[in-house]
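What follows is a set of structures for review.
After this come two complexes, each holding chain A, first together with chain B and then together with chain C.
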Partner chain A sequence: MRDPDLAPATSDSSPVLAVRDLAVSFRTDHGTVDALREVSFEVAPGEILAIVGESGSGKTVATRAAMRLLPPNAVVSGQIRLAGGADVLEMTDRELRSVRGATASMIFQEPSAALDPVYRVGDQICEGIRIHRAVSRSQARARAVELLEAVGIGEPAAKARAFPHQLSGGQKQRVMIAMALALEPELIIADEPTTALDVTVQAGILSLLRSLRDRAGTATVLITHNMGVVAGLADRVVVMQNGSIVETGPVNQVLLSPRHPYTRQLLQAVPSLARVEDSDQAPVREPRKDLALDVVNLNVEYRSGLGRPPLRAVRDISLRVGVGELVGLVGESGSGKSTLGLSVAGLIRPVSGSIRLLGRDMATIRGRRLDQMRREIGMVFQDPRASLNPRMTIAEGISEPMIIHRVGTKAERTARVIEMMERVQLDPGFRHRYPHELSGGQRQRVSLARALILHPKLLIADEPTSALDVSVQARILELIRDLQEQLRFGCLFISHDLAVVGELAARTLVMRSGQLVEEGPTREVLVHPQHPYTRELVAAVPVPDPVAQRRRRELAEEAGDLSLAGT
Partner chain B sequence: MLRRFLIKFGQGLLTVFLASIVVFLAIRALPGDPAETMAGEDQNPAVIAAIRAKLGLDKPMPEQYLLYMWHALHGDFGTSISSRVPVSTLLGQTLPVTLQLTVLTMVCGGIVGMLMGSVGAYWRGQWPEWLSSVLSLVGLSVPHFWLAMLAIIYVGTTMHLFPVSGYTPLRESLGANIGHLIVPALILGSALAAVLMRQTRANMLDAFGAEYILAVRAKGASESRVVIGHALRNSLVVAVTILGLELGGLLSGAAVIEQIFGLPGIGRLAINAVFSRDYPVVQGVVLVVAVSYVAISLLIDVLYTVLDPRIRVGG
Partner chain C sequence: MVAAATARVGSTPVKEATPWRRFRRRMIRNRFGMGALLVLFVLVLAGVLSPIVAPHPPGDANFATVFQRPGTVGYVLGTDNLGRDILSRVLYGIRASLEVGVLAVLIAFVVGVPAGLLAGAFRTADVIASRGTDLLLAFPFLIMAIGVAAILGPSLMIAAVAIGIGAVPSILRVMRVETARIISLDYVTAARAQGAGTLRILSHYVLPNAASSLIVRATVIMPGAILGESTLSFLGLGIQPPMPSLGGMLADAQQYAEQAPWMAVVPGAAIVLICLSFNTLGDALRDALDVQVVSRD
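So, the complex of A and B:
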């Protein structure tokens, strides 16, 4: 194995990817926007180079330019050479097509969006093979099955005949990887390959990528914003900010002794389990006497088709949130955590059990009185772009709960909106703008202001930061903590990210397949997990420390090879 | 899959049943008595009563209805009042003409619409998009009969490209058959093509922004494979939906077009039957049109599941 601390070996072989003075700008209706300024980097054969940076830093633009996959309004200058060949930017379309997929291939962030929904996955793998190689249909099929097996998909022959929607997220990403490997390229560009996946699935995909490099020596450019992923996989790191490279170096140096202030800022913003371990917070076992929320033996079902049994998404769950307490609810996709949040908010009616909000049972009341009780609940959703009405100004959006519940006069509403915007640290001058004119973090502040405008006793926050960059996430989490101290609402904080919950919650609940598997003070749950599933979750969280990450990986590999666990 | 088909089939049967009742009642609610019409000048009450008895009009309404449906199921739709020919014979002569016209219209409109939509999406913001938008606007806003008149004047009499009146059965000559139908089909299909073009363009634009198109390009696929094999292929479901929705409009538009181009189709038969109060014919036409509409809808539904695998499993 290569020593990851070494700089790329340029003497013995030419780089797989050499980017020189790459500059990209986009022509738009409002003039030209610079996306990339004079960027240069190289990837050596067999090397894994991580490009990190926040959204808008130009990391995706740089790698798409390498395969000339930018939209037509992009103006590109500089020089890009793949595997010592001609300049990609000078190639004819035919030359370019012969390189795409064969010399360099790509893996995308969202595997369900990157696979064509109407073709069988095996055929999609074959398509790439048959574009470049003169092989028969059956030979290509056989190769596709072989590839699916190599990326750890069980029953590869059967799965090759499946359509994308019939596979899980992890399986789809494995299919994408198989497709990228089909022609044994010298370079794979992986753009946030694990961001859309659950932590345990993510660990499997990362270990697959690692083993591919070790076995086939394929060089990889890994684009990510997750420092834990970088620590676990990369040899070298390029840090980008606003279209420029601010720091380059071996992974240990960049992560452990960063030189540039922006790198340090990025690393500090990463929520970390280590900080939970070090905290001396007193363990909270039971909520205080005055309960904001008291859920007892809750069951929620979704109707399936005619003649099929309903799907029970929440099974017999009891939980309590005290006034002014923040409780974390952790689980992976499909665990039922969002369903639980929605039914507590009164948006899905449970089949049995009781939900008491401030001592009143919500499950039994209907109509106007239920609407009245909804005043006491605020809700923040994952994607502020989807949960804010694009046709409403910020002020209209934030004040809508007051209008619905007929609170205050017009002047009072405006005053309250301004006050609330100040509380969530938004410039009140923004109130006549529309959601698309704000950044992701600002939009989430608007959602928060809207949820809290009526001073509810309970806030349900469903993955409020998972669509945001790390540094923005850190600021939003701090804001939620501050607001909670000021306004004393109880908060059910739903997240798939253990580290985020670890930073925020006093007590944590872990949910799997609709059931609570573990519950307790956050520090105990995360540091000494009792249930095997919680242990698995904690072990799968990537840590932004290459040394610690390697130690954890070795422990995990002793326990059982994750790469072969068919996720 | 099978269950989904059976449910749709049941819905289709219900549609036909309801349509038959509505038509049956509507015809009897209209002023004018077919027996009196048949009796002609000589309004002898005895003769009228005899005709009524012969037509079964003296029986109670539910019995009349059941009797009518029973015969219809056996291919007997009664006899035309004006021409004394069995309605089934008339339908047998006219239905193939209209079916051919409709199918040709859907094919022409479908191809033109999807082609223009693809062109508009691919060359977005350039002159091909502009051209396809203008053509679509023309197709939507210019009435059929006006286009038809222009076609008769220029295509038919000035240029003599295609015959613009009459019909040659398929059995006699395929070329002549299509020659007679192609101009009416293109005109009837213009609105369909226009709607389809807009929808296809919107869908293709969505597709071009989708990650799977980027992924296909990253595999080294040619542009034609990207556009036709993936972007257009994914837009087909919506195109087929629109074809299904437009079908009703197509059948009624066919009546006008058949009249103008002198095509002996079912629409023309219906118009003449309505004017001459030939109730058995009207009733037969509506029933047959309803059945073909339901049958084509069913076909489109099956086509969906072929085009979009996600529907297949969804049940």
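So, the complex of A and C:
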């Protein structure tokens, strides 16, 4: 680690990264596609610059170009200087290798994909050091352990000998950061470093990045779509849309008084806990009498191989969803929330407990009758790419449930498909297209149409918006709310995002390690959480307001700090 | 109101070609693939039309014209030790090879696809099918073919059956892996949640999505089957004389390698050409089809 006293002053000196008139286009089957149009920005030493934008805005392309990591079909023009050196775009491969990792290094979104599973993490850190520096193996090892300690990994010497699969997601991302820091680069490019992580883990990684900047003065380019992350970490913000920069400025100015309409639109689309606090929604304690779903003492287990005890994914959970009620189910990865959804849909057989759908016990009916019951359940999944059969047209996909349950004639089915497509605000003219011709948001609309075509009494929505851009997410959430009012189905809305649930659900359940830890009216759960875990969750959600974020951070630090707890 | 609402939605529809059109464009752009397709088209045409286009009956021995060199008038590719026209015999041989190849692939599909579907979908079926393929793979293909030929008597059909059975594990495994992969995808879960039965899932979800992998696999098996036929005929276990086959012609040529090398070169070149074309076509198909499976978002 660089000595803090020797860290460069943030003021003068030349920028660590200077990008001028950078334009990138890709040659594809469909001709040339412009990804970036004449983009210019700079990063000062010790500065954290956030680049925000939705998918396709060019934020990743811009930073990959800075390391010359673009695929071979990219056509690049402009100028990129790292630490006042030569133009990256003109470097020979040898020069380029000496810069990569040493002057600037990268952190990626998915730490489990970026680490090599067959090498020990300590050796992976050493490799980068030994490529660039003439040090002995044992010196490199010592340095690796030192780095692991610096990124807040407990027992660094032991963990250096671990393989990636023996570490948690948060630990893996810390290892990635350690690798990025190994050669004391002047610039770290972090591409969505916390997107794949749970909120409580994310909070720790963000405060690590912040403290690294404070301690070592490493400049950081942070690519993210999450305005809350920006608010908590960045000094300056660049907002990108369709390959161009639409706004730049200090974080407070961009987030609190945005100038460009697109920035405003982005900020408005971000679901926010603050809005839950302000809402005057009447608290709903118990669902009404007519229950769509009544789950009592449900237990679900997964077998985990001979001799080992089964994994108890859902433990003794009871929940109710009234007809026309939207219940939010919140939990982090591995909490069992999706398993609960699947067993309610009758796709995983529970070990014990009962699931009643419209008053009928799902466990006692089988065969044909069970298939009939399935008409009353619709499901929507997270990944818009995987949730539609690529070989069926939109119309075929949406009418599948009617064909399965032999509903209507062909003409009636077509009429209903068109009606349903209009309800989900999709152009019925799309009905002969294939899923790959639609955008992510449009595909989720198709999924919704398919799930609701038979007017089921229960919709199970498993993270239906987490793979979407915020502005698309906002519209899909609005659509779900409208549809629910029109069609009066009960909805179990599963999400890891407290703010999303806060916007939508009347009642909220919080799950952790297969158990319900808290349950109540959404506003009470999110504003006055009772259980310590819920409190931790709520505290970890980044809010898109730099001032509030700083206040919360200070409070958390006073209260003993969850950041370096080792996740 | 609906029109206004629709206009608001998402980004503009992505103007992209249908999967078929994209496949065709990628295919046409692949020069090697198109070359292979052209060669195969000519070979298939020649094989199918061999009774019409062959200048001589393939079995016609003529002792006045033995060992004619290629280029001789009337015998473009020369004659063999019995004075038979090599061009005619190769044309018939190609026809026989293609027949065996197609039959073998069909047999492999008829057995391998349903078995692979079941193995991918059901645990018990998987155990049976996987042990079955292990057994089949452990059994030397030639020994099996010799055994079958010995019991039932050598013929084109027997060769095709033996080769087809030998190719079953390859198809079965591809189908099994694809089934297991597709069944775990969200769209299948969604269909199951809505009451779709196993039969419908296998026929409407798994099979159409596995089709491209199977097509590619077929083009890989094809040259193997044709080589297998040549091997069997070379050993005298395939197509029986006087019916010409490429492998049989190679066997005849052995004794006269010094005197009349063209007797081996011509059928050998035909085998190489067929197999190379199928392999190249398989590569091109894989490139053209793969992309569509992993669609860009």
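Rule of thumb we're sticking to: the second predicted complex is superposed on the first by the 556 of 567 C-alpha atoms of A that agree within 3 Å, B and C clash if a C-alpha of one lies under 4 Å from a C-alpha of the other, contacts with A are read in each partner's own complex, and residues count from 1 in each chain.
One rule holds for everything that comes next: a contact is a pair of C-beta atoms (placed from the backbone, for glycine too) under 8 Å apart; a residue touches a chain by one contact, two chains touch by 3 or more.
Note that the coordinates shown come from a computational prediction; the quantities given were computed from them, not determined experimentally.
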item	value
Partner chain in contact with A:M67 - chain B first, chain C second, else both or neither	first
Which of chain B and chain C A:E437 touches, first, second, both or neither	second
Partner chain(s) touched by A:N389 [first = chain B, second = chain C, both, neither]	second
First (chain B), second (chain C), both or neither touched by A:F163	first
Which superposed partner A:P117 touches (first chain B, second chain C, both, neither)	first
Per-residue touch tally on chain A - higher for chain B or for chain C	C
Contacts of A:A102 with chain B and chain C, given as first, second, both or neither	first
Which superposed partner A:M179 touches (first chain B, second chain C, both, neither)	first
Contact residues of chain A, present in both the chain B and the chain C interface	none
Partner chain C, residues of chain A touching it in the complex	29-30, 55, 342, 345-347, 371-372, 374-375, 377-392, 400-401, 404-405, 422, 425-427, 430, 433-442, 445, 447, 450-451, 454, 460, 472, 475
Footprint of chain A on chain B - complex, ascending	210-212, 214-223, 225, 230, 233-234, 307-310, 313, 315
Chain A partner contacts - residues on chain C that touch it in the complex	2, 5-6, 8-11, 13-14, 16, 18-19, 22, 25-26, 185-187, 189-197, 200, 204-205, 208-209, 292-293, 295-297
Of chain A, residues touching chain B in the complex	67, 69, 93, 97-102, 105-106, 108-110, 113-118, 127-128, 131-132, 163, 165-166, 176, 179, 305
